[in-house]
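Below are two complexes that have chain A in common, paired first with chain B and then with chain C.
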Partner chain A sequence: MADFQNIVGKALSDEAFCKELTSNPTKALKDNGVTPTPEMIDALKGLDTKAIQKLAQAFGKGPAGA
Partner chain B sequence: MKTHPANLQEETRSAIGKLTEELRSRSEYLSQHLVSWIQGLSKQGPPEGYFLHPHAFPTLFFPHWVKEGCGFAHDGGLHRDLTYSSISGYYFIRLIDDVMDQHPERKTNLLPLLGFFHERFQSIYCGYFPHSHPFWDYFKKQWTLSAEASVRDSHFRHIDEEAFSGVSSKKVCAGKIPMVAVCMRNGRADLPPLWDQAFDELSAFHQFHNDFFDFQRDAELGIQTHFLFHAERRKKDGESLESWVLREGFEWGADAMKTKLARLRSIASSSQSPSFERYLEERERIFVRTLEESFPGLCSMKKLLQVGL
Partner chain C sequence: MYMWNPPSYPNVREQSCLEVEKLLGTLPLELFMPSISVQIKAGAHSLPSSELKHLLQDVRDGSYPVLDFHLWLLEDLKVPDSRLRRDLEKNLLTYSILQVFIFFIHSIGFKFGRAYGKDFFLFSNLLMNHADGILAATEGVQPKIFEFSRKFWGEYSNEWLVSQSIQKWDLPLSDLRFLQIGHKWSPVKIAPLAAALAFEKHEALEDLLAVLDRLNSVIQIREEVIDLKKDGLKGILTYPIARALKAIGIAPSPQFEMDTVFGSLLLTKAIPDLLQECMSVAEDCELRLQALSLPSFASYARQLKGQLLSLADLYNVNASSKKDSEESAAPWEFIYDPQPKLDAAIAQAERFLLSDTSFRESWEVHRWGLFGCPELSSSIFHSALILDNLAASGTKRTDLIADTILRYQKNNHQYFDQPNPLPPDIDTLGILLRILRQASAPPELLQRFEQPLQWLERHALGDGTLPTHFCLDRPGYLTRLGVNRCAVVSANLLLGLIGLDTSRFRPLVLRSAAKLFRQVAESGMNCVKQYAHSFGIWILLELKQALWEKEWAEPIREAMFAAEKALLEQFELATAKADLKCLDAAFLILIQSQHQQKPYEARWLETILGKQYTDGSWDAEPFYVMPAMDHLQDWYRSRTMTTSFCHLALKTRAQFIAFAGSSPNII
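For the complex of A and B:
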């Protein structure tokens, strides 16, 4: 299950992947070597992508300041 | 909300203009490179915005806060000069740091400008303190400590709590030089301990804040930080850095910053500087807002991590 958890983590750093994971979870999981389970698909379909993007935005954007 | 002291925006704009004009009077060619680099640092905004940004380390603010906290009379000429000197010193350090960090936007070909920046940084003080003045002992000490912290930091393989508080957060300690200059110009023999501590605590908060929010960039560039050191120790077998952040790293980092901010608030409450207190309130407000905006996404991701466990 560690692979699935790491894929979840990848959604934090890769906006395009995050969108793909929520819009087409079956394909995104298979493309990353994870066999989707109904539980995974249900969980991913119910994900609040806007909230995740907000979280991702907090990271990786170094302030334009000294 | 603006958190910078009155006049500082104009002082900063004027200092950057003076610096580029000074170089232009010596070399039009070099000044073009300098202007281009300065503009790149501030992205789309005005050059002074880089130093006054809410997330910027408030190097230029501290001399004003010390003046206010110690009850010194305002000396506009001195503060303009200190701003000019500190910006030159900052550019000196920025050029070096970017090269040491292998930053993608590093400007190795501008390193020959270091001499210009250092001369501009130091020469201002020659007009205020004779060669034999104790100020120069402080100047040499802090400048050397800052260099030592940067070199030590670059050699660390593991930045534990002790290394972070003792070294990594001390890289900017040369910023105390203009603070002690304000004190000595006003008859004090040293920098009051409260302000020494305020600077150290704020630089530690600032460094940790950067390490936390830039963890992905640091990991990609192979930069060692205290946050990444902690992550390596705490990650489970096979767990990615991002998964650890979602599982516990976010909360650990947020709690550490809250603790540092609480210490800073305590110091500020005794500082007699309302400007310093307002700055911290605003810094904390922005920090808390970021946490609140991140929280729903964090909860969603944490639930997802539970799937199949």
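For the complex of A and C:
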């Protein structure tokens, strides 16, 4: 489960991954070594790409914002 | 969003700022530097001028208008104009400005982890003393105000001191803990309290303090939510980060990963829920303030509620739970200081290192008559070490490596470039052997080492003891210079010999390494006599690692294991060091990259990134012991040498991030 959360968290620093996670969560998780469960897919339902990008922008530009 | 434009009180601001300008203008010379630093911190954003009134504009208009609280109170209490009121307005504003400066000094040291000197402590004391003097000279507030002042500064100190304690993150948010979070702002209660005392408005005091306590907590949480990523990258476990971790079933601890926190932000409503709790508190404050007939404070509470709503909307990334409202659509910008990027810091450091390929700044130079010589400089050892670090980080300058090895031979394998009575030494030989493996034609260059390698075979003792200098042809020196007692010098040489990968030196390496590892296991870091502690741990662990991979080193594995255990204990101790230098941080990163069972700490990288100069370099920090005037000992230090290790550490960390396939957020 911890891997799942870490992988999902990458959506806040990787715009392409964010789009993939929201459009095709099953593939995005598999590509990152996580076997998706119905609970995981359910948890990702409703994620809003634009809202995530807006939050990422507020954190600072660039993938790391660091 | 509800917009409220508070009055600006221009006259009283002019007077108070002038008074503070006068104070700062008459500081002892030694306190000018911290004074300038704090004023720069106070004016971190673009300003029309450097005048104090402009520097403080952001404090007033920005996150928390703490400078105006007493002015609002006098206004709301409808205190008639009088000399007493005007004095009070000016004095308490001056007090508040000094208080803000003290906050800035503390935040630089406490939150950002900058190691600031005695001058900052003394400057803080001077400001506090002056601020207390203002309170003492203010009519109608004594002696009661000092009881409150002691109490509020006590609350403030206590909160800073316990803020890193894990117990603080007991959830859910209890009323007690909620109030404690706001104690980082406790002293801001002093000025409005003094105003109320001066005009004997005692009836409003208790309620006002209770409301300010709650507003302070809301403000602190709001600030921590705004700085969530910034704090997280620095490894600071704040309340919102703890809530985010808890929401996905992870116990808050200082070893959190930023991607885990981000995951929680996307998978849970931890932060919008937290902000909703804060909104409820702000709403309650607004109602109480209205009941107290304090309309300015009530207006501020209402505006704050709107900001919290906007912030909650930003953190709400689930389309199904988003609400369309006029308030949530209002823009609310983060105040965000971008951190230096890892990649940029690496590139700047590399450009600095390669800007002078003689690495002249790194040379050890003596012009005071060492060994009776008017000038002695050592360039070969230092160039070799920097080139080895550059090569290890992926920048292999084979032309410079070959040139350095040729110069070593031409200089009769000596440490100093000019003629001197000191015989050739094993430390220089070790470092030069180490860069040989990075050369484009190692076999061709190896013959340049034949003479010192023969010296080594003749000088090494049967039990593995190594000499410091090759004194065979000058036996008088052997007694004076003695055998090598520094484990790091031995390790440098052994690493060089292992790199040759020839059976010729294996028996010597095994004997010497076994002896060295036993010494490390028995005496810990006391076996390091000439180099910085953290470098010693790293290089000895490098030696262990290099041998561990060799089958022929099997007979001494037990000794290696015992030494590694002792060295990792020393690593643990080094991680607890409060005043972490850049070199310390660099070696901790390098050690942790090899021994990942030990947790990585974000503050190591933060220490390095935060102290890089604009030219890409870092400060000259103590690295090894060298002779000083009057035959005393001093520490060799060089900006180039520090930069070469910081560059290697940053590159190693960046490679680890890339290898782990994680985003740079794990920095």
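The criterion applied here is as follows: the second predicted complex is superposed on the first by the 60 of 66 C-alpha atoms of A that agree within 3 Å, B and C clash if a C-alpha of one lies under 4 Å from a C-alpha of the other, contacts with A are read in each partner's own complex, and residues count from 1 in each chain.
In this text, a contact is a pair of C-beta atoms (placed from the backbone, for glycine too) under 8 Å apart; a residue touches a chain by one contact, two chains touch by 3 or more.
Because the structure is predicted, anything quoted here is derived from the model rather than measured.
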Between chain B and chain C, whom does A:6 touch in the aligned arrangement: first, second, both, or neither?
both
Partner chain in contact with A:34 - chain B first, chain C second, else both or neither:
neither
After superposition on the shared chain, which partner residues are touched by A:51: those of chain B (first), chain C (second), both, or neither?
both
Common interface residues of chain A with chain B and chain C?
1-2, 4-6, 8-13, 43-44, 47-48, 51-52, 54-55, 58-66
Residues of chain B touching chain A in their complex?
41-43, 45, 49-57, 59, 90, 94, 210, 213-217, 236-246, 290, 293-294, 296-301, 303-305, 307-309
In their complex, what parts of chain A are in touch with chain B?
1-2, 4-6, 8-13, 37, 39-40, 43-44, 47-48, 51-56, 58-66
In the complex with chain A, residue positions of chain C that touch it
228-229, 233, 248-250, 257-267, 314-322, 333-334, 336, 338-342, 609, 662-665, 667
Which residues of chain A touch chain C in their complex?
1-2, 4-14, 43-48, 51-52, 54-55, 58-66
